[in-house]
């Protein structure tokens, strides 16, 4: 009954099995192995084009290294003010880019408002030596608020950025959830919409610890192997990262996991949404539900053993509930029932 | 028949099983889990004192982050000229320390010569603003040449360094092999001998990808959690790192694996050492054999399917042969036999 | 007739003379010279306490190096959203701190609003490994809007910051103007009000290029000499920096220069303020006037040879007019007259 | 009677006068001034080609910024083991390049031995992800040992480096002395011999504090303005740097100063060289004399008020004597006489 985060889930049995199988025998290190090759081929097929792929183990590494490939140290990275790179990575982008600056932009429901981006791009800082130079737009898909950008929205924002010479990064820690929510081809919300580099996350969607940095423009990956290595993110036994990704991509496990998580979030949202005194704060499009509800009810849920975070912080009368590939409908229903009971008793 | 590196081995079945078991169900992220707690307790017991422990996934991360905790950005890290941090980490220490300088020292068989350290410490650079300030001595145990420092040797070098105010780091990517070779308590070649921080490697000794940064002086770990995070090395599903370390430490698996690898290296050394035209270049104390032998024989071994690196580079008439927890005596014997046959035919 | 910036002024004759005098003969380098010693003594007297002093040549260097001494690389520096460190230093603080993050705060007239600081300090990020750690409050005195913080205001903001463990930095590129405006002892708006380190600027107030980083708590200066050197900011012929500061501090030249500049700004503000259609955007307390006026009048002033910047950017119907130690009353009056004439003709 | 360093000299009267003149009146900041324009034109004429020029105030800044323009953070800079960048800049190159590694090479008399460079370039590290990538060869002209590379020597070393894809940097803190010694066109030992970027030093040759980073290939200067700014090395009152360089370049003052300094060194070398018990350690080609002589004599010279450094450190029975633009023949002769007297008395 853990709704604290999708990173509290274990790994999917198919991934566990793949890892065990990959462990049998010897393989050459640092990515010179069949699993890593296979992952590259699978991602090329999935994205319908040649890509350069670099597996790493954490989302923070994927994001910060990807940004480092796109911005000079004197660059600025435009992102949503609630973006993971801005608030949850303890300055990793600053470290790995050599000191680039993140510029937070506003926007409802975790999505950058076009107007906020326009304003940022209209500032007269381009070519001015005193100012960091806007170099990257980073979009989070699905967002930190559990919403998704449509292909048109990605294209519109990315287009604005590219028109001013910026590269476009997508933080896809929950990319699978976004694809599942939108029902589109992965290409439609990435390179076809103007994205240059994707941080593709498997960890939250059923892996142990596996992310892939995917370059759609392979030229941008020049020197990236050194960048990854010198940040300590090149695995010697790379097959263990790649085997996770391989199993995750096989038979559309990635999509099935994400669909399940999304469905559980919808079920939760529908259940809670019907309760008096509960207010859903964001559209529930991916695998997270943000709900305002009475403090007494929150306390009751916690006492009943449900785990979650008050959001945006400990003092809020609101919670974030995240579902994952292994969330059970029974647990969802139990939470809704407990909330209902709490509300009934409070009133 | 892969002798290229101990990192070409898979994970030990007990570690595979532990990982699978750890995957069952939910656990809180970022190290707030029972596995991580257990690892800390096991290491405290193993080292006979309180320690601060930070699991990471690669040896390069462990080393570079540990050094970053010990040196200011204007510091110098004294190490052997063949140390992994100096030649095999693509500048990771420079990146993560914020630009500290590595100072390579000479010494036979991969071990820093006391005289070389003395000379470095005698240079009149302390307190001179134009010079980087010697801040850390880094010892590799077991060394890159397959040798080990005795407790007295560690104490002597560490003592010299500490007398001048330097901290002492140990790159223990093959620490288990060193303990197995020396038959001493882990404490005897670490904190009791003057080591402040250890990069303790499990990856080469039977894990998938797991290292622990061990601080013997917990005060030195102040702020280290941020350092790890901002380098992208804090795992959300930390239990998967910790479960590996937990199983590796349980029932002395770490030691059994290392003893086996060392025994295989000795068997290989004894076999090869008896052949005419073969010269062992370093004492074989841990799990690597460095042997000069005729180029024609090397070519023959490669053609026969044995994998290894010519050493120090592709043009050398010498090879590095590394054994691991899973090296089979039969394969060792086969290699020796093939070498003997090659020598017989060449002569 | 240049009102573009106080950095378009030359050096004061007394400073020119001092530099010429200092050039006569030999002196030991790197600060081991009588001028540098004298500057330290003068600043100790001026601030009524022992200080550690480090001359550098640019305000950006002074600020970024000072911040680097106060924050770990994973720290956050709270500052006004218009602060020089945030918008005009091209990421120098990020570079020299090793990647710390600047957190912009709102506030009218260039001064951080207490409420904005409270909100920033109330965020539940302290001790949370995912977040950069608030480490420094940076105040600009005088501000980028030509206003000044009173001693009480400094104390109130610094007190809030210190209560949460933050250090306090003051960007005093125009510190002299602030002292002149407030008529207080320098100590009253620095260490007595909770400031730990001051970037004290002479460049804009009559020097060629000279700033002093002043540590009120000398313990914080530990290692700072290395920090300055490795950023390339240690002058070999240091006497030439110090001779400027020495002359600037002698006979209260610093204060006289600032008083004159402030007086010229007041004269300008009074003149413009009386004109119909002119709106002064900020209180004029130091040496800058921010005035909204008709675009046609702005164009006329430019055509008449007055130099200034439209502010905040080229499209604004508003200007920034900065006065300096050498601004002549005649030029001020000429500008006011030209503006009056323009307004008359426009209406 | 100061022979400690050429940086103990003051500024040449012509430069003092130029600075005073430049201070009269207003000028636009950050290099948009006639002095800076003129310096660029003078250097284009001097080097017989278009160049991109960036004035800075210290040699360490010039070197470290120039290197940062030539190497990625994962690069290696090959230099002489006694190079200023390696031993006297407290890690500035490491900081400003984002962590590149310096690789010290041996060679007599401060000059990189061709064999040492060949060996470094022959190492199988190119394209190997574990190794920093050799990216720059840095030559010091004149060297730290007071010698100079001939045009052929520069061409030979630079050619080797360029053949392997490295860029070539020249640390010309004493470039004027080298040109004066060789009697060649500046182009002959820079771009015509394969040098890409020159750190051109005026400080030691008669300026207060002024160096110019000169890019012979302007494309390499892309983004360099941001690099300089974010390191705090863009002067607001740039005219004061440029006015120094302008006067230094006018009427061949740079060359006259250097010729004088070199002549004084030769006079010193000839005088000392004739004394029994004195051994000149390096050819005296520029403005420094390295001489071994009895400790008692050294002590005597110091007692007589001559200032110099024992070299390479305080314990050596050898000294470094540096001459400058203002060294007087009388002082040289006095030192020789005092040494002779000392030797006579010792024997």
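Which chain is which? They are A, B, C and D, in the order written, and residues in each are numbered from 1.
By our rule, contacts are C-beta pairs under 8 Å (C-beta built on N, C-alpha and C of every residue); 3 or more make two chains touch, one makes a residue touch a chain.
Small disclaimer: the values here were computed from a predicted structure and weren't measured.
Asks: Suppose chain centres are the mean of their C-alpha atoms. Which chain sits farthest from chain D?
Replies: A
Asks: Weigh B-C against A-B on C-beta contact pairs and write down the one with more.
Replies: A-B
Asks: Nearest whole angstrom, what separates the Cα centre of chain A from the Cα centre of chain C?
Replies: Chain centroid spacing, chain A to chain C, equals 42 Å.
Asks: Once you find the CA centre of chain A and the CA centre of chain B, what distance in Å lies between them?
Replies: Averaging C-alpha atoms per chain gives centres 34 Å apart.
Asks: Give, as an integer number of Å, the spacing between the C-alpha centres of chain C and chain B.
Replies: Once rounded, the distance between the two centres reads 51 Å.
Asks: Any chance you could list the residues of chain B touching two or more other chains?
Replies: Correct list: 73-74, 89-91, 94-95, 98-99, 129-130, 226, 229-230, 234.
Asks: Considering only which chains touch which, how would you classify the arrangement: line, ring, star, complete or other?
Replies: It is complete, because no pair of chains fails to touch.
Asks: What part of chain A is in contact with chain C in the complex they form?
Replies: Chain A residues touching chain C: 73-74, 87-91, 94-95, 98-102, 123-124, 129-132, 313-314.
Asks: Which residues, counting only chain A, touch chain B once they are in their complex?
Replies: 2, 4-5, 7-11, 16, 19-20, 22-29, 56-62, 64-65, 89-92, 94-96, 203-204, 208-209, 226, 229-237, 240-241, 307, 326
Asks: For a test of understanding, state which residues of chain B touch chain C in their complex under the given definition.
Replies: Residue list for chain B touching chain C: 30, 72-74, 98-99, 129-130, 133, 223, 225-227, 229-230, 234.
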